[in-house]
Every structure is written in C-alpha cells, then in structure tokens.
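Please find the structures below.
One chain, chain A, links the two complexes that follow: it is found with chain B in the first and with chain C in the second.
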Partner chain A sequence: MIVKKLIEKIEGEAELNFSMHKGSVEDVRISFGFYRGIEEILVNKSPRDALVITPRVCGICNHAHLLAAVGALENGYENAGIAVILSNKARYIREFTLACELIQNHIKWFYMTILPQLERLTGEEGGENHALKASYLSTTITKALAIFAGQWPHSSYAVPGGVTCDPTYVDVMQATALIDETIRFFEQVIIGMEFERYLQIDSVTQLHEVQGDFGNTLHLLGTHGMAHTGQSHDRFIVFGEGLGMQSGKSIATTVSRVEVRYVKEWPQKGSTAKAVAYKDRIYETGPLARAMVNKAPIVKSLHKRYKDGLLTRIFARVHESTALLSHAKHLLQKLDLNEPSCTLESRLLADTFEGVGVVEAARGSLIHKTRVEAKKITNYEIIVPTQWNLSDGTEQDRGVAVEAMCGTRSIEEASFVFRSFDVCSVCTTQ
Partner chain B sequence: MKRGGKPKLLWLQSITCNGNTHSFLNHPDLFSLLSHFELLYHPVLEAEYTLQDILEGHVDCDILVLEGAFREKGVAKGGVEISSVIEYYAKQAAHIITAGTCATFGGIFKQYDPEHITGFCFDIEEKTTRHKQYADKLISLPGCPIHPKWLGFVLMMIAQKRPIAKDTLHRPLELYAPTVHTGCARNEYFEWKVDTEGFGLKEGCLFYELGCQGPYTHGSCNKILWNDVSSKTVSGTPCFGCTEPDFPKTTLFETKTNMGIPAAMPLGIPRRAYLTVTGVVKSFKIKRFEERLIEYDR
Partner chain C sequence: MGTDKQEAVKSLFTAQSAKVDTNRGDTYYEKLYDQCRARLDALKKLAPINNRRDFRTVIEEEGLERRDFLKWASATTAMLMLPASFTPLVAEAAMVMNRVPVVWIELQDCAGNSEALLRSDGPKIDEIILDIISLEFHETLMAPSGHQAEKQLEEAIEHFKGKYLLFVEGSIPRGLNGAFGTIGAKAETFIDHLTRLSKDAAAVVAVGSCATFGGIPAAAPNPTDAVGVMDVVKGKPIINIPACPANPSNMVGVLLHYVLTGQVPELDSLLRPKFAFGYRIHDNCERRAHFDAGEYVEEWGDEGAKNNFCLYKVGCKGPMTFNNCSIIRYNEGVNWPVGVGRGCIGCSEPDFWDKYAYERPMANANIKAPTGGVEKTVDEFGLGLLTAAGVGIAIHAAASAVAGKKESEREEA
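== the complex of A and B ==
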C-alpha cells in the first residue's frame, strides 16, 4: 500500500510516498518542490557576486553559504598564485558568526519542529508557545551575528582576505553580552541546570540532571519507546574544519580522513535534488556526524546504548549548540582588534581559477565549487547537507533518512524520524 | 474582515529561499504583533490550518502575505499549482503584501527563467496583468530579505485601519522614501568624497570604488537598523540595492564609473550638481579624514 504525505514546516515542503507492509514502513520515496537554478544563475557573473547570490539559496543557513562561497574564492586565488593569509581576527570573527547561525538553526528546529511534533505524537501537548522561545533565542543570537556581519539573514560581509567589518571593543562587549544572555536562556529554559555543569556531563548515567525543555524531550522519547527508533547506516562524514571540530569519517568506532575530491553527485530519477556519495558510499552528515567524528564523550556514550537512533540524533543537535556557545565566547575573548580585518587589496583579483570551499553548516557539510575563466564564473556547484541525508541512496544502500524511516510503526512516527534530520527543502532545491 | 474580529492573516510561499520568513521571526515583538491577527497559515509558525487545508481553499483571508517569485505554471505543492492558490486568496483578501524582492519584482530567482518568473504584480518594473486587478489593495515591501520591522509596521497600520502612503511601485513612503544612504555611519566621508582604502575599515565611503548603491537605493536600512544593531554599510559591506526592481545587478563589489566618476548618481542629483560639489570638496584636504578613528596600539 502506498500512502502519500505532504510534510510541511521543514524549510519548505517535501512529499513522502510511503510503502506500507503489515503496518510498518517498508520504503519511502522523497520528493521536493521547484528547482530554483542558483548554480545556473551564477554562470557569467563576476566571481565575487557569488558572495551575494549564494546566501539566497537558503533563508535559514545563508551565512554558511556565504562562508563556503568565500572559501571557494580564496582557495581559487591560492590556486592562481595569490597568497591568502587571513588574520586571526578575521578567522575568529567568521567562526563566531557561523557558530551563531548554527545555534539559531538548532534551537529553532528544536522548538518549532521537534517539540510540537513530539508532543502531538505522544499525546502530551502542554499548550506552550514554543515558537516564542525559538524567536527570542534566534533574535538574540542573530543580533550578536549582525554586530559583525551587518545583518541576518543574507549578509555578504566575508570577502576574499577577511571580513568587511572593523569592530570596536564596544561591539565585542555587546556581542559578549548577547552570548551570555543566550547561555542564561539555556540554563533557565532549555537545560534547566548550570551551563558549566552541563558541559561536564560525559555519560548517559548523568543525563537525569538535565531538566528544562531538553530534559523533557529526552524523557518523552525514552518513555514512549522511541530512543532506539530511527537508526540508519551508522556511517558519518564531516568535511569542514573549524568551530573546534575536525573533519573525517566515522564507521563503527574507526575515524579516518576524508578528501573532498572523492565526493560524487548524480541526478536522481523524478527528483529536483541530486544524490551524493563518498567513494560510492552513503553517509550521514550533520551534528551527530560531527560529534561522532570528533568523539564528543556524551554523544559517544548515548550512541553506545542507542546507536544512531532518534534519541542520539536529537541529542547531538541540541548538545552541539552548547559546545558552540562556549566556543563562540572563547573566540570573542581572543579577538585582537588591532589586527587587520582584511589582508587582500580589494582590487586584487584572479582572472582564471578553480576553487573549493567547505563549511560545516547547521545540517552538515556544505561544499561550494567555483570555476572562473576571464573574470567570469563558468561553472558553480553547490553540494548541500540535505543531499547527503535525504537521497534515494545507491543500489547497495538506501538513503540515510529512508533507512531510518524503514521499520517505523506508523506514518506519523516515520515523519517524525524524517524531521529529526532537520530537513532543508530549500537548500536541496537550490 | 468580520466586525469585531481580528484580521485574518495568511502567509503563502512560491519560489523562495524562506529568507523573509526567517527575517520576520527576528521581529523583537513578534508575538505581541501577531496577537492583533488571526494567523491562518504560516510556513514555519504553528497556525490554525494546515497547508493542505489552505490548498483546498477551506478558509477566507483578509491579509495575504506573499513570499517568493511568481510563476503561472510549474510550481506545485501537494499536486496543486501554487499560482492558482495565490490568485484564489488574492481575490478575497482586502490587502496583499508582497514580502521581499522576489514576490514584488521577481528578484534573484527570476534570472533562472526570466520569461516565466516575475513578481506578483510587477515584472521588474513593468506591471504584470495582475497589477490592474489587485492594484487597489497591493503593498510592495521589497528587500532581500524583507526587514522584519518594515513588515511589522505595515501590518500594524492595517490592523489599526490607518492609510499607508505609497509611491508608484506601491512601496510605503515611510519606509522607502529615504535612501539606504540616509543615516549611514559613513556619511561624513561621503560628504567630503573620501574613499575607503579597502574592505575591513570603519573609515571612508564605499560609494566610489566598492560598489555601494546606498545613495540611490530606496530603503530605511540605516534608519531602522538590521537586527536592531547594524546594517550592511555600517559593517563595511556595500549596499547591493536589494530593494530595487533590478536586484541583483552584476559585479556587485565594484563601482561602475565613467571617467572616474560613479556612473549612477545619488537619487535625484543631476550629474552637474554632483560634479560641482565634488570639485569643491575635493579641493580641500581634511587631515581628520586621512587618519584612523581608533588605533589600539598607540
């Protein structure tokens, strides 16, 4: 039996066709909406125009696109023989603003996608306005971002050689205050415990200390038998570096190195989104992947017990926000404003080059590739995290989310598993 | 609008990045603002109806907020052409707000298929066939993305039944009569024609070399700041003219010049006037403008 379902409120929409067998999900086909052609729009434009155009791929992870785009340009300049050496100040500011965007993403997803759906699924609706919390946190943390980047969404403040802003210590103090306010919000509302104490938690046996909305969510997942639900291939990949994290891939307990050149995309039948694999294998990307590759103790401890199921996946996403907050605060403390913001002369441009930019976006690794001839873009490729997680798969393997949904006991449960990947429909149909 | 009831608000998307949706979520008084309306549907906020209900035409709305560029055929949700859904609600709404440059003029996504993708009532600056039908209730709020407070202002004006003065492109004058240049923290440098020496400096104007379109772009980005703290030009990024019908132009980080003079003049300024003023101020050397404002290692 095939059942169609329109999934909404996931950064656009997706249509899922479920094949049901004896009351459980046997297979799922995922399709997305209208293809918008950003890669084609970029052709014949000036290379730096990508810094303005590519953020418009996505309203919620635009900043990651900006940083991937500037990374591709800088890599291309290097390939063309122009040395690009960023000041620490520029590197820290870029990392800071990226961290802010990730936190914004994770917490919006937690309050606007996970909590309402989980309450509905378990019949434990508390009637709280979760979106109010999401909006407050998002407004606070993107304000910290905008102090440096001018605005969010759709800033273009990162340029080859650095950043366009020239902050003062007044700005840095304002940003620090906003990070502190976000930490306070975590303590009082999300984790219900002291932030520093939370960061010390490294084993499942200590998780009962977590209260607040996050604690309630973990409790709901556990008491409704969903902790083990939604397991997938248990293979993870991370290409971006920074934010205190390394790249690599993780299979079973082994972590090894990765190179972007082994990433291959191919078109999928009946879909506007391309599939992507690493050496012909399908991997999960995103916060859980970053935690596994970087061996975050508490996530490893959860994984030992619940594998790559709903509980571990949801935990990893919210948990990453706390590590990012801590990292972001540290970056602000290290800023030396006497360093230059931008080390390249604005008129220094390479004529012909190819470059690759890689960034860890909220949902996982984001790759931009640009090819420039005679000062014009001749080819631009964008590989987004959702392509990794939501493809149809290969002949050997189902896609990551499809595998996770198979075997679930109802369409509602399967849809919830689907949402646990923090699906971005707009990125996928770039 | 039923007597005594709150206006019913419906937010629909077509070809979009969701940027306007997320920008609006950063409105600092979002929920007190929304308390003046009955929210029928929104792309990410919990609302009264599901998208399926909306697609099936089960509800009636007073205010229709449109996000995303328009295409008559080929953009479907749940098997229904979104253009027909938009037109269905546009007919019954008392107010149509095109939120963002895509919904207003076509924006970035128009460039993928210029022939078929447009704004709802404008195709760049040209009126589409729908303009005639909807002109009396149309409010254009371009910007890529929309500024949350600009939308908040318009919604509250509607809730309070107050008239909104508009220009020929249906943009509220309160928000779009000023240029982005108005209130820019670099105005002194513009007045004295002092160019910035590159990216990453708080000193100098971005109009002469780095492509800033602030002096001829409609919008109050530097009066009503972004995220309540900053703006592109304040943070050293040129204005890219994202509220204008022809956004995005090309070579956005360079100023197009004729014989060393910016090709596009500040809004409404005759070339001769600009050249005269420039000639005068450039004949003076002002020491203060050649120095850094703050040097930390002194």
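== the complex of A and C ==
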C-alpha cells in the first residue's frame, strides 16, 4: 500500500492523504489545518452582530450565511412568543438575492474548477480563458443581487422582519434586464441552445441537443469513461425550503421528511473541521441532493443511468442554475412594491431565546443555531454543507466524498471527483 | 462605472477639499509628471512578463471603444487625485501593467476580496485588467492544485526577486506558534509564509480588513491571536486597503499608482492611501442632504426609509468611516449598503467588528462621538474635519445618547 499526499487549493487548503492499492485509490483522509474561531467570536456578542459577522465566514456564500443568521433570529423570536410575519415582498427579495448567489457560484465553479481541470485530465485543452467567462457571468448576476442587497460579497441588508431596501420599479426593471442578460449568456455560451427549449429537456435521450461549454463538458465526461466514476452512497439530504424546492431526504430514490433536531456534529481527529450526520447516517448535500429530493426529471433520468456519479453530480449543479434563473425572473414579476419591507422593530425584541436558521446555500444545506441569554449570544453553531460532503464518515460509513473517490484510477481523477463536490474549506473550518 | 458615475467621480476628486491636498501646485505636478514619464518609458522597454497579452490587442479583441477606455482612464486619474493632464499617463500605465509582477496570497481569510477583484471596475475594464495584470500567482484564480501551485509560487518569487508586489488577503494567526493556519505540504505557518514572501517583495499590499487590521478573526476574544500584515512584516513599504471586502477600484488604483510612479501612494497614519481614504463616507453620501435637514429613518421600513432619509439613527457609521464607497460604490457602481437603506458598518476602520458593527446607534456603540477620538487616528487632515457638519453630528450624537439611554431604560423595565 502506498500513501500519497495532496494539497488541494479550494478557497483555502485541504490536505488529502490517499492510500493506493494496485493502482487505484483505496482510502482517503481529508483534513483541514485552518481555523478562525468564528463560533467562539460570536459568544458574548449582541445577537444581531451575527448578521454582520457570519457572512464573513465565506466570501463565496456570504449571502446564505446572512439569511441563515437572520432566520435563526426570527425563529428565536417566534420561540419566544413574538409573531414574525414577513411580507411577500421581503420573502421574494431574499429569495431572489439567494438565487443570484447560487447561480454565480455554480457557474464560477464550472468555469474555474471543472472545465479547466477536466480539459487537463483528458488532454483536450482548448486554450480558452474560462476565467473571463466566469468573471463576466458572476459580475452580471451579482449586479442584480446588489440592486437589492447593496453589495456582494458581504452585504447585511436582511434584518429580522424583512429587508432594509425599498426598491422602485426602475430597480426591478434593471434587475430583470440583468437576469435576461445572464440568460442570453447561457444561450450563447453555456448551453448553446434556446433557454426555454433547454428547460423542457427531461430525458437523457434529449441531452445531445445541449451544446456550448456545458454540452462539451458532458461529451468529455462521456467519451473518457468518467460518467460512472465518483459514485457515493446515493443518500441525499435537504433541510432548506424555498427557491421552489422542498426539504427531505432521498435514500435510493425514496424521499421522506427530515427534522433539523436530528442533526449531530462531532469533532474529527487531526482536522479543524467537524463531521456531521443525520440520525447517525452520512448524507450528501448540494444541488444533486436538491434535484433528487425534488425529483427534477432530467436529473432523475441521468441518475437512473449513471447513479450519483460524476456526470450526474456535475450536471445537477449547472442545471440548477437554469432552474434558478427561471425562478428568479418569476420572483421579480411577483413583487408587489407597495408591501412593507420590514415588519419588526430594529431593537432586540427578546432577551432570552433559541433559534435555528436553515438556508439552501450553493453547496447545500446551511444551518445556524443561536442561543441567547440576557441579550448576549451564549452559543452559536454554524453547520455548513461541506461538512456533510467531506467528513471522514462514521464507523459504518465512509464520508461522501471519500466514498466517491475510492476506486478512482489515479490521484488526478480522485482530485477531480473531490472538486465535483464544489468544496470550500473556509466555510468548513470557519 | 457608468458614464455619469465617472463624471461624478471626476468632479468630486478634483474639487477643493479640506482634508486632502488635491492641488499641490504646478511645480509639484510638473516634477511628478517627469518622474512618471521616465518610469513609463523604462517599463515600456521591458518585455511583457511571461508573454502576457498586450493591453491594446485585448482592448481591440474585446471590442471596447477607445473612447470608453479614455473615459475610464480619466475617471481613474481623478480617483488617484492627479490633475487631468495625467490622464494619458494613466492610460499608458494601464497598458504596461503587464510589466509589474504581482503575487497574491490568501492567509486567514474568506476569499471575499478575491471575489471582489473578480468583479472590478467596468465596463469590461475589469476583465481586461484581470487578463493583463501580471498575476504571477493567485491560488483561487489560477486553480492549480498541489505541488504544481507551490512550484509556481516558488518560481515566481525567485524570478521576480525584489520586483514583485505582494498582495495579501487574510489575517495572520499568531496563537499556538501559528498552528491555526498553515500552507503547503510542509505545513509552513502563515507567519513564516508571509515573512518569507515579503522579504523579496518590492512592497506589500494588505487587501481587506483582515489583512490590514486583523478583521473578523481578530474580533474579541480573538481565538487565534490574529493580526494584520503590518504587525508581522517589518522594514518593507506596506499599503493597507481595508474594507470588507476591499473595493476593487482601490486595489487597481494602488497597482496603477505603483506602475505609474514606482512608488507607494501617499498614506495616512493607518497606511491607507489618501486618494481612497481621505474622505468620510458621510462627506459624499447620497443621503447627506437628509442629514443636514434632520430627516432620519427611525425604523427599517418606515416612511423615512421609503424616502431614503439619513440612516444615522439606525446606526450608520458613515460619519466616522474613511473610505470612498459613497462615490465608487460596489459591483460596478450598481449600489452600496447605504443605497439599500442598511447604513455603513464602518468596515474599513480598525476594530469595526467589535465597535462599529450592526445597527447599534453611535451612542450605544463602544466608540466615541466624532468630536473625540476617532478623527485623531486619521492624521492631521482628520483634525480639520470639525466643520459645521462635524458640530452638527456632535449635537445629534448627544441627542441620540439621550434617546439611547431612554431606550435601554425601557428595555430594562
């Protein structure tokens, strides 16, 4: 048995130690050597400081952290007997901005991580500057986000009871135009086909219609025998609701309900990242999980043929962006600007409470738990998606990404499988 | 930035100011002009590093109008607080940016500043600059993994010894002998990594509030004993570009200034470039008229909020925060926090995470009113701030202190 070490640069670093057997990967240990102590920092602070501090956990999914933090406060208020009724306007605006963040993340991951690495791995380098495409798309879509949130990354415009912004019709028109511009980019560069037609695709047999960089990627994966590579436990979990999606878990395609109280974290040896499980079992979270739990037809069709392998996982993430774009546009159309932006007073409304905020972030379910006593935070827990996907696992189960990497034929292939999870070390270790 | 925005920037930064000396007289600028000329001519003789693409070809390929480019150059000249006669020089400097090597490292961070850099100033200039800057090493943007990345970094610092600009994102954890953050296969601590890389850098640029003042990781109780670059690096020119995230315009501005003059820009006592941090948010705030008229938002979503009134009473820290975001704004100038009624959280000031953050009105925050301590930390120009507006704030602050007290009494009751 040979052990090989690899340092992955993924918005920070992860160390991967591979055990190789007869030329393929037998086991992997993933560890992180990075720590800031954000949960410790939150203790003894004003409960609302979480709205400013937690987004700074991550420069990529900061908005999801803000919404989870505000969700935890609102849930805490409700638990303390204070009615929290958001206007539809506030809910739609929050959802819209979250959708924008997910889209920019997915496409940046696609162009800056997946495509270049896949080209290198298959020896089919096109010499195109994919980073510029990523930059164009994420610039465009985060402008739409900033119209309501003020800036991206690190905005703090969501507050208990709603949002601080009071957009005008001109703002909504501007945001709509930016969404349309993003859709055009999809049509011309990413999928190479009409957007509406793409949305109707619901079976593997129609996938040949997809052109552009996405079509090319699916083609590369297929022709290099990687479609079945990277299968894991085929167990998925989603805790957040919204964005047109429901929560639940999927085990071998059977979907059932979930409750956050069964989520448990524990420390892992030799790593600053904690592991997490649901009723002692390991689940995958993220776009593939959302598609499986919500039974997205095309992803189910791919899953039937390729299980939870590389092709299905990569497809699910890019595909989700198209569904989100469509949803985002719909949200803008539904906005009634005459509704109030915020329905709660800005002062702290309860001295002692406990609350949980759950949001579907780009990489999967994000959970914030806050405990407040005498107007101070006494405990704050942040459970991030990458913890689900990258943990070492339990005694019965390997971790999700570890299971997916086992059996791959080289370190390079394993590394590609690893990155197909869109990992983020800064979130994981906080 | 749109055209109107660019014009606004120009008019602002060429205006007379009590705080920053925007007109130093003809003799000064003539001498500076000659220096810049000589510097650019010398740079032009060098070949682009590693065959980086030429700015002119990129502009043509991207279909960018020369007129738009010159507009951008003229706005940037103004942002750098140089006279309009420097515009052609700034344009030239942008073109030879591929001659100055840049190494970008991430330490105890969230990658937010890299994210911000990715969506720098428009139109299209951002993409071009990203393509042109001789970014010899950047983990996230280059995405090479493992030993490949480490090798690339080592080669870059050896090859460009003494010449590269080191951009640092993230704070430096000193606790447990640096064990809270390590890098590479040999697990070099962030402290050692930064010390080693800064040794042969021409200058070190700390980007974002973590790299400048320790940022969120340094918030009480500072579990990892995190500090900023200036607490670790000694004997090197350091430029601080705080804010969370730092404004990409200011990152590009510092780089351009270095290309143009070969020197670090004029800094305040916190090592922040005066061209970006010589003004308070409040000075140029779009809601300033409402402050002067005494019209405030009292609660999120109230009538005042609908009318874009001043956010001072809901905790805006604009009056004591030095930064140019009220002019430059974020995300290609689309918006900024005050624009969505959120108020400034003072993210470019030291200790913002403990003292300024969230909507605590000033009186409830652990900071002194603007007539007292805050200005003293921003050099002599800060002392010149006590204009009518400054006095106005003091009065409001006192009123607010009373209001705040009442509120806390009410909460206790």
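Rule of thumb we're sticking to: the second predicted complex is superposed on the first by the 420 of 430 C-alpha atoms of A that agree within 3 Å, B and C clash if a C-alpha of one lies under 4 Å from a C-alpha of the other, contacts with A are read in each partner's own complex, and residues count from 1 in each chain.
Quick note on the criterion: a contact is a pair of C-beta atoms (placed from the backbone, for glycine too) under 8 Å apart; a residue touches a chain by one contact, two chains touch by 3 or more.
Not measured: the values here are computed from a predicted model.
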When chain B and chain C are modelled together on chain A, clash or fit: clash
First, second, both or neither for A:Val426, with chain B first and chain C second: both
Which of chain B and chain C A:Val57 touches, first, second, both or neither: both
First, second, both or neither for A:Gln117, with chain B first and chain C second: second
Contacts of A:Ser415 with chain B and chain C, given as first, second, both or neither: second
Partner chain(s) touched by A:Ile147 [first = chain B, second = chain C, both, neither]: both
Partner chain in contact with A:Ser155 - chain B first, chain C second, else both or neither: both
Which superposed partner A:Ser341 touches (first chain B, second chain C, both, neither): both
Which of chain B and chain C A:Leu132 touches, first, second, both or neither: both
Superposition clash, chain C against chain B - the stretch among 5-13, 59-67 or 293-301 that is involved: 293-301
Contact residues common to both interfaces of chain A (with chain B and with chain C): 6, 8-9, 11-13, 33-34, 36-38, 40-41, 45-46, 48-49, 51-53, 56-60, 62, 108, 112, 116, 129, 131-132, 134-135, 138-139, 142-143, 145-157, 159, 161-166, 340-342, 345-347, 426
Chain A partner contacts - residues on chain B that touch it in the complex: 13, 15-23, 25-28, 30-31, 43-46, 50-52, 71, 74-78, 108-109, 111-113, 144-145, 198-202, 209-210, 226-237, 240, 242, 248, 250-254, 294-297
Chain A residues within the chain B interface of the complex: 6, 8-9, 11-13, 15, 33-34, 36-38, 40-41, 45-46, 48-49, 51-53, 56-60, 62, 90, 108, 112, 116, 129-132, 134-135, 138-139, 142-143, 145-157, 159, 161-166, 168, 174, 337-338, 340-342, 345-347, 426
Touch list for chain C against partner chain A, complex: 106, 108-116, 118-119, 122, 126-127, 130-131, 139-141, 143-147, 149-150, 173, 179-185, 187, 215-217, 219-224, 226, 244-245, 299-301, 305-306, 308, 314, 329-332, 334-343, 345, 347, 353, 357-360, 407, 411
Residues of chain A that touch chain C when the two form their complex: 5-9, 11-13, 33-38, 40-41, 44-46, 48-49, 51-53, 56-60, 62, 108, 112-113, 116-117, 129, 131-132, 134-136, 138-139, 142-143, 145-157, 159, 161-166, 272, 340-348, 375, 415, 426
